[in-house]
Amino acid sequence: MELNFRSDNESPAAPAVFAAVAAANQGTAWAYAEDQWSALLDDAFSGLFATPTTVIPVSTGTAANSIALACVTPPWGSVYCHRNAHILNDECGAPEFFGGGIRLVPVDGENGKFSAGALETLIYQNSGHGIHSYQASAVSITQSSESGTIYQAGEIQAISETARKQGMAIHMDGARFGNAVARLGCHPADITWRAGVQMLSFGASKNGCMAAEALLIFDNPDARESAERLRKRSGHLLSKMRYVSAQLLTYVEDDLWLTMARHANKQAATFADTVTRHPGASLEYSVEANEVFVKWTPDGFKSLENAGIQFLTWPGREDLARFVFSHCTTEQETTFLCEALTTRKTP
Amino acid sequence: MELNFRSDNESPAAPAVFAAVAAANQGTAWAYAEDQWSALLDDAFSGLFATPTTVIPVSTGTAANSIALACVTPPWGSVYCHRNAHILNDECGAPEFFGGGIRLVPVDGENGKFSAGALETLIYQNSGHGIHSYQASAVSITQSSESGTIYQAGEIQAISETARKQGMAIHMDGARFGNAVARLGCHPADITWRAGVQMLSFGASKNGCMAAEALLIFDNPDARESAERLRKRSGHLLSKMRYVSAQLLTYVEDDLWLTMARHANKQAATFADTVTRHPGASLEYSVEANEVFVKWTPDGFKSLENAGIQFLTWPGREDLARFVFSHCTTEQETTFLCEALTTRKTP
Amino acid sequence: MELNFRSDNESPAAPAVFAAVAAANQGTAWAYAEDQWSALLDDAFSGLFATPTTVIPVSTGTAANSIALACVTPPWGSVYCHRNAHILNDECGAPEFFGGGIRLVPVDGENGKFSAGALETLIYQNSGHGIHSYQASAVSITQSSESGTIYQAGEIQAISETARKQGMAIHMDGARFGNAVARLGCHPADITWRAGVQMLSFGASKNGCMAAEALLIFDNPDARESAERLRKRSGHLLSKMRYVSAQLLTYVEDDLWLTMARHANKQAATFADTVTRHPGASLEYSVEANEVFVKWTPDGFKSLENAGIQFLTWPGREDLARFVFSHCTTEQETTFLCEALTTRKTP
Amino acid sequence: MELNFRSDNESPAAPAVFAAVAAANQGTAWAYAEDQWSALLDDAFSGLFATPTTVIPVSTGTAANSIALACVTPPWGSVYCHRNAHILNDECGAPEFFGGGIRLVPVDGENGKFSAGALETLIYQNSGHGIHSYQASAVSITQSSESGTIYQAGEIQAISETARKQGMAIHMDGARFGNAVARLGCHPADITWRAGVQMLSFGASKNGCMAAEALLIFDNPDARESAERLRKRSGHLLSKMRYVSAQLLTYVEDDLWLTMARHANKQAATFADTVTRHPGASLEYSVEANEVFVKWTPDGFKSLENAGIQFLTWPGREDLARFVFSHCTTEQETTFLCEALTTRKTP
């Protein structure tokens, strides 16, 4: 047993995905995304999302996010996102770099999500300085959120409408997009373009791939040029892109991505149940995807570590820990974790 | 009577300063800051500040601030400043632009000032993500502050020590530096390099000049190269710099700058007294320099406007207005304003 | 006598221009280019150029050039300009900085000018790498050129047509635009928008102003937003812009700018005649504006210096020197220079 | 038979490299280059290069080049490189982007190489404008060059000395570094740090890997911080870096990289021999690595294409074509190509 609940980033690639990479490793193929696998991406994702979709494969989510935001934000534009957003806290300023000095504006909100109302109020508060301040240019929603929660289609729709009234573009950071779709049981379109989202960073690395992400642009073929220029210029146009594209194709084939996300979500839900019934520990956020944030005592967490369980104590919060479940977390491992928690009283 | 209390930015140049510009307009002079006036700046300011000082004349405070911050902050570095800071709210991202995508981090604090303690706490809170987040690289203090308040030498010292412990550089935005020195009655060195400040944006435009600011670098001649390169590269190396330098020389001669600042401060104090004694209006911040922020009713402010008085209603706050007093505000004008307020009951 | 032929950048402001600044220094005025002088600029220049013109006043030509180029060039775009262009050699990368890493591409051509044919060939040669290379986005013509020569309207027209076929924008660096119009005796429109130029850096500092330049945008009001954002963001929105705008208004009133340019051109022509008749010295470029490039022996130049004459020996070329004539060069000074050359045999 | 001589970028990964990736795909591993494979890189390359070496694994050569140059070049600095350099022509301005608007300066030279003398002359020619122009900050040498030629250790040494005298940093783009070492039969150190090279973009993707490159920094551990920050900030810190690091470790184990490069070089040499003996075709550059540039008639090239042979006709040169040989080019394929050329007279 691995007992590694630190991050889904630490999981290996799923066997089917790896087999696709092996299959792509036969013979020569055109370089720089002109290969036969990359050529299939637009069709595959247009089908999946039921609308014409431009696919820009890259190898990291930071690249997808930053290219997306730089495409729709002038250097003097700002991007509104949740205070906990990955683009704000965990990308070392990549959006600012790609965008030529854009600014990210944190929006507060409970459960790792912000509301259309909070967004609107903040935009209004920041609007009094005219040309002396940043221009509100885009909004970025993380789905599922950094707190393991999920925006309902209606919530996204409301945010999009608020943004659109201001002439702002709408981006979704979908590093864990599969977990959201799996949980909601909706069509992928329902929480993206049908709800006003124009660009999606479609994540796959965390959910069964080696290094495969894609920037999806819905129904706007003219945006390809900028996105491709930015990808090349930032060093993200892999010469052997076939390996990334082959992963993506297999990942979305036969709902593999949803099957894996559903599995991860289920493990998280099982553990969340256990936490809820525990006398000392409690959930920091409602558990809706594959992440479980547990509030407990430092000694309590230590006792789990002593049992060989690996997880992340939150930076600056010794009473908070994150447990992440992935496509390869076994039921055995989840059971072990649940039992370890249950048998430990709060020290 | 002008009755213009909107901003000291709207005042004309003082007669002595204008005379200096006229005197500089005789014959030819070397271009690009190699003229005879510019050549005197280092000595003049080294004398004024009682330490070797490198002077980089520019024509706007935004240029001085941005060059300073870009000199000491890598693109992945962050600059801590007050939530109301001009660099944060009123420069349309110039620091981010000059710095190649640096980030400004707002620090909260009452009366337009932040404390060493608040700074330390926030740096600590932001420090858990390592290389995935920005590196705390500089702190910027506005003196006098955007709220018309003043940092005591000891407060600056404490902030500097906190910053230095983190390896951060210390910058002061002195757009209204003269008003602070005039109020404190201290040596300019006491609230700058002796208190740990390494770079000062020395403002003069608001206090009697036409367009004259200077970035001062204390006791660090090696920093000149970067600052001069950034000045040139941002289009701020005027070919006829003599006109800026001539203003600066006269501005600091015979304490002209302090005489003018003292006058402005005095007018503000007079008005602040009146506000304090008014039954309906009140001061939003303590009045320590040349700005007075008044809390009152919208109808009250309207009645002043009807009396021909010009001032700034704060963006997004209809119950708050700013009155600024300058070197050229006459006592008559101040008296008129005070009487106008006094005779108006709160509607 | 000054005997300073180093640069027109070293000349003082003309009396009328200085008087306009003095007149503007009365009372308060709205800050940040919302003053009454700035408000007149669009009309004044629309009249002068006989087409709706957006005026963005700034204090340096580098700012005007860089804002213009950044407005029309994406970060992955390139700007074609002459190998001797000021933007390429003398702005320390300001266009690259403002444009987020654009590239300048030098075009060769005799007499400081390039032809439409040379431009077309070079664009074609650089076009084979597709998305792996820069996108040809703009062309910049200097008028009058860095070599003191002048593009005829037809030459500009041909360059514009070549550029337009590639979807490129057309910019003119008019640091010495007045000298060109004075020489050609044409309407300013004839060598700008009527010949396809979309943006003009209209220079005034070298020809009688203190620090006054303007970016002119012809017949494209939508471009104002980007230009103003870039001006603010680069620290070039002076709080007391009235002083710049007042200069510009007087400069173009009653053809003052052309009168001054004509005077400077005439002095240059007089000296050029003398050079032509000299047995040892010769002209490097044809003299069409206010600059004279003289080829001679190092000892010859030294003998002029010994006579108290100041000029610029060209960097890296000890057999080449530049003599610049300005609005304030007196006929006496020109005569002295001519005689000094004539009486000196080539050593 | 593939008969694909278009580019070594189109080759698949070598079996041993792929096996290493498969082996790395077992169980969980720490994310963001804190895995057990990445932990071995510094030791492996320090051993290979016989000096303390900092290894920054990335997935593209453009990333390695751009991070390296941005580390050693201020925004106002220029990088000298050959006119045919990949960083100049094929990275869509990535160095300019990473470096915040740096400039690349093309140096001319025969056979795809430039000399220390040509470098020195050009630096001198560009040095006359002082702060008004770029500062010469770095030099970048491509080894083996874009023309398939190789710098001798002494040539590199001479370039390094010239650069060092100017305070410039020395970078090597080693996209095909293995081919150079294989050809020279020298120690890798001989043409890198022992010859003055401070940073090497060590390429592996073209020579048997899927997507694996590394920036190597010799004997300068302090440079790690900037390089890692830039990697993260540009989106190049893969969460599952283990897959890249595993490739690199196997690639340099037991001289696999040299074995593969030697094979490719040998195929190229065989074809070069054939070209030399052909009555109509000729070599454009001397063939020293794995690339062969052939000068022939357009109809000649067409006849090869008709035989099913794939290669690259050079952009803008219909009389020039490039044939690249890789680790997986079979002798059969080479023989087929040679015979195809031999049996075709020049049309």
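We call the chains A, B, C and D, going by the order they appear; numbering starts again at 1 in every chain.
Criterion: contacts are C-beta pairs under 8 Å (C-beta built on N, C-alpha and C of every residue); 3 or more make two chains touch, one makes a residue touch a chain.
Every value quoted in this text rests on a predicted model; they were computed, and no experiment measured them.
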Next item on the list: For the pairs C-D and B-C, output the one whose chains share more C-beta pairs in contact.
Entry: B-C
Notebook entry, point to check: Which one of the chains is farthest from subunit A, going by Cα centres?
Noted result: C
Notebook entry, point to check: If you average the CA atoms of subunit B and of subunit D, how far apart do the two points sit, in angstrom?
Noted result: 51
Checklist line | Centre distance in Å when subunit C and subunit D are each reduced to the mean of their C-alpha atoms | finding: 42
Item checked: Chain centre separation (subunit B, subunit C; CA means) in Å -> 34
Check: What are the residue numbers in subunit A that touch two or more other chains?
Finding: 32, 75-76, 91-93, 97, 100, 131-132, 229, 232-233, 237
Check: Which of the residues in subunit D end up touching subunit A in this complex?
Finding: 2, 4, 6-7, 9-13, 18, 21-22, 25-32, 58-63, 66, 91-94, 97-98, 205-206, 210-211, 229, 232-240, 243, 328
Notebook entry, point to check: Which positions of subunit C touch subunit A when the two form their complex?
Noted result: 32, 74-76, 100, 131-132, 135, 226, 228-230, 232-233, 237
Margin query: Could you list, by residue number, the parts of subunit B that touch subunit A in their complex?
Written below: 75-76, 89-93, 96-97, 99-104, 124-125, 127-129, 131-134, 314-316
